[in-house]
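Here subunit A shows up in two complexes: once beside subunit B, once beside subunit C.
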Partner chain A sequence: MALLELKNVVASYGNINALKGISLSVPEGKIVTLIGANGAGKSTTMRTIMGLMKPKEGDVLFKGKSIVGMYPNEIVSHGMVLVPEGRQILQNMTVLENLQMGAYQRRDKAEMAKDMKHIFERFPRLKERQNQYGGTLSGGEQQMLAIGRAMMARPEMLLLDEPSMGLAPLFIQEIFDVIEEINKAGTTVFLVEQNARKALRIADYAYVMETGKIVMQGPAAEIASDPNVMAAYLGGRK
Partner chain B sequence: MEDILNGYVLQVVIFVCINIILAMTIYMTLCTGLLSLGNAGFMSLGAYTSAILTVQYNLPMPLGILAGGVVAMIVGLIIGLPTTRLRGLYLAIATLGFGEVVRVIALNLDITHGALGFSGIPSMANSLSDLAGNMGITDALSMDSQTMGSLLMCIVLIILTAVIVCFWNALEHSRIGRAFKAIKADEYAASLSGIHVVYYKMMAFLFSAFFAGVAGALYAHATFFISPTDFTWHKVVDALLYTVFGGSNVLWGSVLGASILTIVPESLRALAEYRDIIYGVMLVVLMDFRPDGILTVQTVKNLARRFHRKSAAAEKGGR
Partner chain C sequence: MFFQQLVNGLTLGSVYAVIAIGYTLVFGVLNIVNMAHGGIIMMGAYIGLLLVTVAGWGLFPALIGAMVGGAILGYLLEVLALRPLRGKKVTHLAPLISTIGVSIFLESAALLVFGPQTRAFPTDYNQLMDFGLFKISEIQIISMGTAVVLMVLLTLLLNKTRIGKAVRATAENIETASLLGIHTRRIITFTVMLASALGAAAGVLIALSFNAIEPTMGTSMGFKGLAVLIMGGLGNVGGAMAGGFILGVAEVFSVAYGASSFRDAVAFGLIILILFIRPQGLFAKAGKGGRP
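Now for the complex of A and B:
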């Protein structure tokens, strides 16, 4: 069963249609990736799913129910969390406070402490710097903090918007390892990436997006071996 | 003792307290990153509400003051629903406009006595001194009833200000305070953490409106006379200066800023017309050297650390 489903979603910034009828589905327990070049509408897709933008047409279904028109915080409380593009962490708050913010809607203190411990075990660097301001961390550490914060909400579904953007290769590998681990632990992942090669390696299923439309889809391995894909995701000819 | 307790000094202390409350109302909305400048309007609502209720309906003063706050908060709810969705300067201008609307309405209504102003508002100092007189405290301390009244009003206001400071300090360190802080830091990231941004912004806005109304009511009972010109946008600019001067990122900044900027002009009274120049120079110099105001998050942290170290050392020395 599809945990998340987009049905013919159209979204626009003023007169410009950024999404021209997107349909996709993310089955439970899988990693699905959406790849494409800059300006293809990947981030807009994420924003529309999370309720940061309202679709002009179409429907977004989460666990079979429409979530169109909900506030982002309501969507979070239904179990879907976004790690936004560009590591939107809280710069003026400490690492610890950032993680606590992630668990804002939770009341189960004991379980929260357990999750916190787990995150610190996975990212020892964050533990060392737990009292430092988020803004003083390096790019890779900030991305880990952003993912850690999302995990503190214990989501059923995790959306990641370009988690590898602007990171050193070593960190990129680490981030993708973490995403795989999170998925193995039972969280469904929807991943938006420009780094198609890496994304296709860990994903089960992939969609390729170009100028507001899905131009190709299929099992990740198939997409990866398609000669047209590289051209498509570079935004060139079909 | 007699010198310190003269009516003039006590009057200054009373205004320091009222200004601290007013400065805090600016700070409260700033806590969520909202720059709201409607506080003069809310203050005006509180002042007129309490004045009308106590004069025309003989309501006891504490209830009048409370009602002033509540009315300001209810109007805040109506104003806040559309405006708290605005950001930055747009909100500032919309709320500034609201303040002017309130002023013009007060200028044209019969019940507020229009431009003539509302006089004969019961004085808090007088009623407190009556209370003390009846209890025999005034005679026991061999004080004249006027000084006694001012002194008691000072005490009441200092306690009230302290209570509001403590209340907001506790709020800032609670779950709600964390949400405020996150929204101020990054609204987008906060909403993605599951925080209902509009709800918390509205909460800060309503608290601000309520306390501005209370400050207005206290002002009315401190001066016995209010007119629409008491609540122009000048008042908001003053309040904003208190907060920014003292440090707009910490609660104590509002307290310090309001105290300094109320006391300094008073102490410069002898310099007559030069006093505004000095006031202006002070602001320019401070903004040049400490653009975040006197107190910043870091200074407060450092002071707290030093204080803890000192008290720890004192404890060691004592043993």
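Now for the complex of A and C:
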């Protein structure tokens, strides 16, 4: 069953249609990736799903129910969390406070402490720096914090927008490892990436996006071996 | 003389600091200067006065009553004057103009209801204590003590509680805060109410210190708070506190050492000077602070 489904979604900035009828579905328990070049509309798709933008047409279904018109905090309470583009760490709050804010809607203190412990075990660097301000972390550490913060919400569905952007290769590998682990632990993942090669390696299913439209889709392994993909990914004509 | 003026300056400064915190909290979450804050300060003073004179309450219950009244006014300000403009395709100056409208409304309403005459704030605390180096009145102790307690409580609220952290997150980045699951609209309302409650408390403290309440008192106090807001760095609570004390001390010293008619000129001269040297404010951190 599809946990998240987009039906013919159209969204625009003013008169410019950024999404020209996107349909896709993310089945429960899987990793689905949306790849494409800069400006293809990947981040707009994420923003529309999370309620930061309202679609002009179409529907977004989460667990079979429409979430169009909901505020982001309501969508979070339904179990879907976004790790936004550029991490968006709270610079003037400590690492620990950032993680606490991730669990803002939770009240189960004991379970929260358990999750916090798990995140600190997985990212020992965050533990070392727990009392430092978020703004003092390096890019890679901030991405780990952003993912850790999202995990603190214990989402059923995790959206990640360009988690590898601007990171050193070593960190990129680590981030993709973490995404796979999160998925194995039972969280459904929808991943937007420019780093198509890496994304396709961990994903089950893939969509390729170009100037506001889905131009190709299929099992990730098939997409990865398709000769047209690199051209599409670069944003050129096939 | 020096210590006496220092005590006077710190007392005045503590009240300025509370006023400036009210501005800075609202600026943090809404990115606007709340021009109605002066009006709320004035209303707080009148509510305190009515509770003391008409209802016969003691000073501290009246102070708390004024804060509750301030919070209610803050709620109305947010729901009636600010919320309808949010998310609409209006200029970003619209909410600023809207708060100016509220400020004019509050001042006119006070003029209509309470009349233009200056009223005294009756109090039993008129003892003067002599410490040798300086003398301090009971009113000064109450005023500074209350201001400091409010600032300590606010600091604890912002740093230790869930809702306080949500206020800080919303102030830093409203979109990120909403993605973390924070009900940002509710946090904005809460922040405006909190700021207005502090403003009303400051109004009572001013009424007490100057022993004068009038419908226009909010305007001059409001501008001073604004000066401190800019001096401390927009949206920076610690900066507002420090800035308040600096302005208070500077003002008192300028009066004491010969320039009493330049009292307000000192306040605003200080802003101009600081804006030349540190346009982002004295204590601004990277990011939010210093945005025009």
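Rule of thumb we're sticking to: the second predicted complex is superposed on the first by the 238 of 238 C-alpha atoms of A that agree within 3 Å, B and C clash if a C-alpha of one lies under 4 Å from a C-alpha of the other, contacts with A are read in each partner's own complex, and residues count from 1 in each chain.
Here is the rule we go by: a contact is a pair of C-beta atoms (placed from the backbone, for glycine too) under 8 Å apart; a residue touches a chain by one contact, two chains touch by 3 or more.
Since the structure is predicted, the reported quantities are computational estimates derived from the model, not experimental observations.
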- Message: Taking subunit A as the common reference, can subunit B and subunit C both be placed on it without clashing, or not? Answer clash or fit.
- Response: clash
- Task: For A:167, select first, second, both or neither according to whether it touches subunit B, subunit C, the two together, or no partner.
- Result: neither
- Message: Looking at A:99 after the superposition, I want to know if it touches subunit B, subunit C, both of them or none. Which is it: first, second, both, neither?
- Response: neither
- Message: So in the superposed three-chain picture, is A:72 touching just subunit B, just subunit C, both, or none of them (first/second/both/neither)?
- Response: both
- Message: Taking the superposition on A as described, I'd like to know which of subunit B and subunit C A:91 touches: first, second, both or neither.
- Response: both
- The intersection of the subunit A residues contacting subunit B with those contacting subunit C is 50, 52, 71-73, 76-77, 81-82, 84, 88, 90-93, 97, 100-102, 104-105, 149, 153
- What residues of subunit C sit close enough to touch subunit A in their complex? 162, 165-166, 168-169, 172-173, 175-185, 285-288
- Query: Which residues of subunit A touch subunit C in the complex?
  - Reply: 50, 52, 71-73, 76-77, 81-82, 84, 88, 90-93, 97, 100-102, 104-105, 135, 149, 153
- Message: Could you list, by residue number, the parts of subunit B that touch subunit A in their complex?
- Response: 175, 178-179, 181-182, 185-186, 188-198
- Message: Taking the touch rule as given, give the residues of subunit A at its contact with subunit B in the complex, in rising order.
- Response: 50, 52, 71-73, 76-77, 81-82, 84, 88-93, 97, 100-102, 104-105, 149, 153
